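Take this structure, written in structure tokens, and hold onto it; I'll ask about it next.
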Amino acid sequence: MSPHAPIEYRDAPARVRAVFDDIKRTRQVEDVNNFWKYLAHDPATLKRTWASLKAIMAPGALDALTKEMIYLAVSVTNGCGYCIASHSAAARKAGMDEAMFGELMAVVGMANETNRLANGYRVPIDPAFER
Amino acid sequence: MSPHAPIEYRDAPARVRAVFDDIKRTRQVEDVNNFWKYLAHDPATLKRTWASLKAIMAPGALDALTKEMIYLAVSVTNGCGYCIASHSAAARKAGMDEAMFGELMAVVGMANETNRLANGYRVPIDPAFER
Amino acid sequence: MSPHAPIEYRDAPARVRAVFDDIKRTRQVEDVNNFWKYLAHDPATLKRTWASLKAIMAPGALDALTKEMIYLAVSVTNGCGYCIASHSAAARKAGMDEAMFGELMAVVGMANETNRLANGYRVPIDPAFER
Amino acid sequence: MSPHAPIEYRDAPARVRAVFDDIKRTRQVEDVNNFWKYLAHDPATLKRTWASLKAIMAPGALDALTKEMIYLAVSVTNGCGYCIASHSAAARKAGMDEAMFGELMAVVGMANETNRLANGYRVPIDPAFER
Amino acid sequence: MSPHAPIEYRDAPARVRAVFDDIKRTRQVEDVNNFWKYLAHDPATLKRTWASLKAIMAPGALDALTKEMIYLAVSVTNGCGYCIASHSAAARKAGMDEAMFGELMAVVGMANETNRLANGYRVPIDPAFER
Amino acid sequence: MSPHAPIEYRDAPARVRAVFDDIKRTRQVEDVNNFWKYLAHDPATLKRTWASLKAIMAPGALDALTKEMIYLAVSVTNGCGYCIASHSAAARKAGMDEAMFGELMAVVGMANETNRLANGYRVPIDPAFER
């Protein structure tokens, strides 16, 4: 089977279905998104990735919305088209409105700019910031 | 003057001092950190960068802590050593405790991992995520 | 001629044809892929790039399959869509099966994750690893 | 406790010691390297990261050496200083000699070059490479 | 209004129109390109970004063409598809011909290659290059 | 011999010396910089890299200074410390003064910022920019 085709629930082996079922139950959705259908080509990676994501993205010291916005900030920095689309949707679902998205993007843009200014000017770390 | 030496307040021209003064007043600090002392080699960039940063990082739809954590997430993704040091300090000052830092790092790590899984499996964007 | 159109063999000048011929002969293919047809807009870069690629990708201390997988790992990390498509195909042709692709992707994902954890926690290099 | 200090075995809580013990046993080393001592500030991330790494890096369809070289290729592409140092050491331990390292680096350099040539020339994916 | 739809002049509020008018006047174009129509969802970011871009890209110590080529080099390195398309067009408009584009791309490719060779070989900075 | 030690001229084999000699002659310097002394661990990569660099960086449609500034822009974007140091020096030697460096850095920062804004707002390419 080509890795470049999604594996649908009806065609999935039991251990893949078990992960799909848990994603659907946890997220209260009727079907999993493409990311999981492609990862299903490697059931071990599918299972491990979902288990990690589920644990990491659960509300804790940071709430779910903050975590989704951080996820989106990384995806935008890396230029991952799929991830930007899916985590924009996830962040909106978790409560990100237009004003929040606008400020998030402004911070991401600014950080990418000043990261390079710091690189180019070869700025040494202030003793106050050092461990 | 070499661009690889910080410009101290006592040696700075008036337009640089004006920016330094505003940074110190806004942040309630006694001196500006190295980033600004190096950027001072180009007063126009210094002034513009501080004006943008001041506007972008002010609390709005997102609070100051969330903004600092997003800034840190980008800096960690890009591997900017200076920025990681300075924005770790800024985020802590804004209220980030150890548990929050740990969860932030876990999300950043996970996003960087799944960004590449999405790239490598060439996952097409779900119609539900499309504009 | 626009740089945004492929240069086909029939339209190519002699020095471009010479490179195309060598690619076809070396790879035992009937036509070169788009990368070379676009690079043909700059015959000097075309010639130099093919000469380097041919030398570097030839089996040596590392076999051809290992080299293609490393190439793919870099392309996935950088998010280069064309390169992921072409080097996935090349790696499969060189013998990468589904299980190997799955493990390759898992390593690439993990490395991208831990690279950021090391950045964010500002881990100093162990003396044992130092030159 | 500062996140910018390593947590040594003698100071570690039981659940951190359990992970350190497993790392030492699996790798047959007397002490864990700094990466784990810093990650120990977040025991949940420490445990999850080690469990993932142990599973992913175990020989399977790809041998341990190939996996370490892929890890190194990603780390070099991302410019992660700590990761380059630690995975160079790990790859050498797994059998990478000078000639293999040289060829690995040549492939990594070439891939990073052609990734940008493909970007800049806006090369469309050949139908033959498409899913 | 969705952030994933362009805001056209006729639908734009006054403060967005003011920026659009200045872009059109400065660039002598009949309409602004998509980048600005999307950024218009956040008028503050639109205004700040245009003001910065206008100041930075104006001829100064470096001419407009050199600045556009540097912009393109960064965009190609980051793999930003939109930016590569728009700044290729801008650089051509500013005078970049085929030969210049070819040499620009060759330098960008080479720099991306040697950046990784320097990383992987862990080359220490020569004292002569140090501040 | 460790790859983490420079190979000096007196210890180099003939084919490495031949490259070192050509670098010194071409650049009119008394010794080669560390990059070449480390690459000398792999004479084939040393020879190929120098031959490519010499050809690419020679004045052509673009002058030497413009090429060095593009090289620096890429190195700053990638955050390669060695490359930033060495190509800052090379660009200064080729004529880059403080004002030019300041404008170069401003463009690099701006491009890195807008690359992410274009990513995050998912801006589609204008038909006018399409091939």
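Labels for the chains are A, B, C, D, E and F, by order of writing; each one numbers its residues from 1.
By our rule, a residue touches a chain if its C-beta (ideal position, glycine included) is under 8 Å from a C-beta of that chain, and two chains touch if they have at least 3 such contacts.
Nothing here was measured: the structure is a model prediction, and the numbers come from that model.
**Student:** Could you name all chains that are in contact with chain B and with chain D at the same time?
**Tutor:** A, C, E, F
**Student:** Kindly list the shared contact partners of chain C and chain F, in label order.
**Tutor:** Chains in contact with chain C as well as chain F: A, B, D, E.
**Student:** Check B-E against C-E and say which one is joined by more contacting C-beta pairs.
**Tutor:** Pair with the higher count of C-beta contacts: C-E.
**Student:** Take the average of all CA coordinates in chain A, do the same for chain B, and state the distance between these two points in whole angstrom.
**Tutor:** Their C-alpha centroids are separated by 21 Å.
**Student:** Averaging only over C-alpha atoms, locate the centres of chain B and chain C and give their separation in whole Å.
**Tutor:** 34
**Student:** Touching at least two other chains at once: which residues of chain E meet that condition?
**Tutor:** Those would be 3-4, 41, 44-45, 48-49, 52, 77-81, 85, 88, 102-106, 108-110, 112-115, 117, 119, 121-122, 131.
**Student:** Taking the complex as given, what residues does chain B use to touch chain A?
**Tutor:** Counting only chain B, the residues touching chain A are 3-4, 33-35, 38-39, 41, 45, 49, 52-53, 56-57, 60-62, 66-67, 69-71, 73-75, 77-78, 80-83, 85-89, 97, 99-100, 102-104, 106-108, 110-115, 117-119, 121-126, 128-130.
**Student:** Which residues of chain C touch chain B in the complex?
**Tutor:** 72, 76-77, 79, 81, 84-85, 88, 104-105, 108-110, 112-117, 119-122
**Student:** Taking the touch rule as given, give the residues of chain B at its contact with chain F in the complex, in rising order.
**Tutor:** Residues of chain B touching chain F: 1, 3, 41-42, 44-45, 48-49, 78-80, 131.
**Student:** Considering the complex alone, what residue numbers of chain D touch chain F?
**Tutor:** Within the complex, chain D contacts chain F at residues 79, 98, 101-103, 105-106, 109, 122.
**Student:** Under the touch definition given earlier, write down the residues of chain C that touch chain F in their complex.
**Tutor:** Checking each residue of chain C against chain F gives 2, 4-5, 44, 48, 52, 55, 131.
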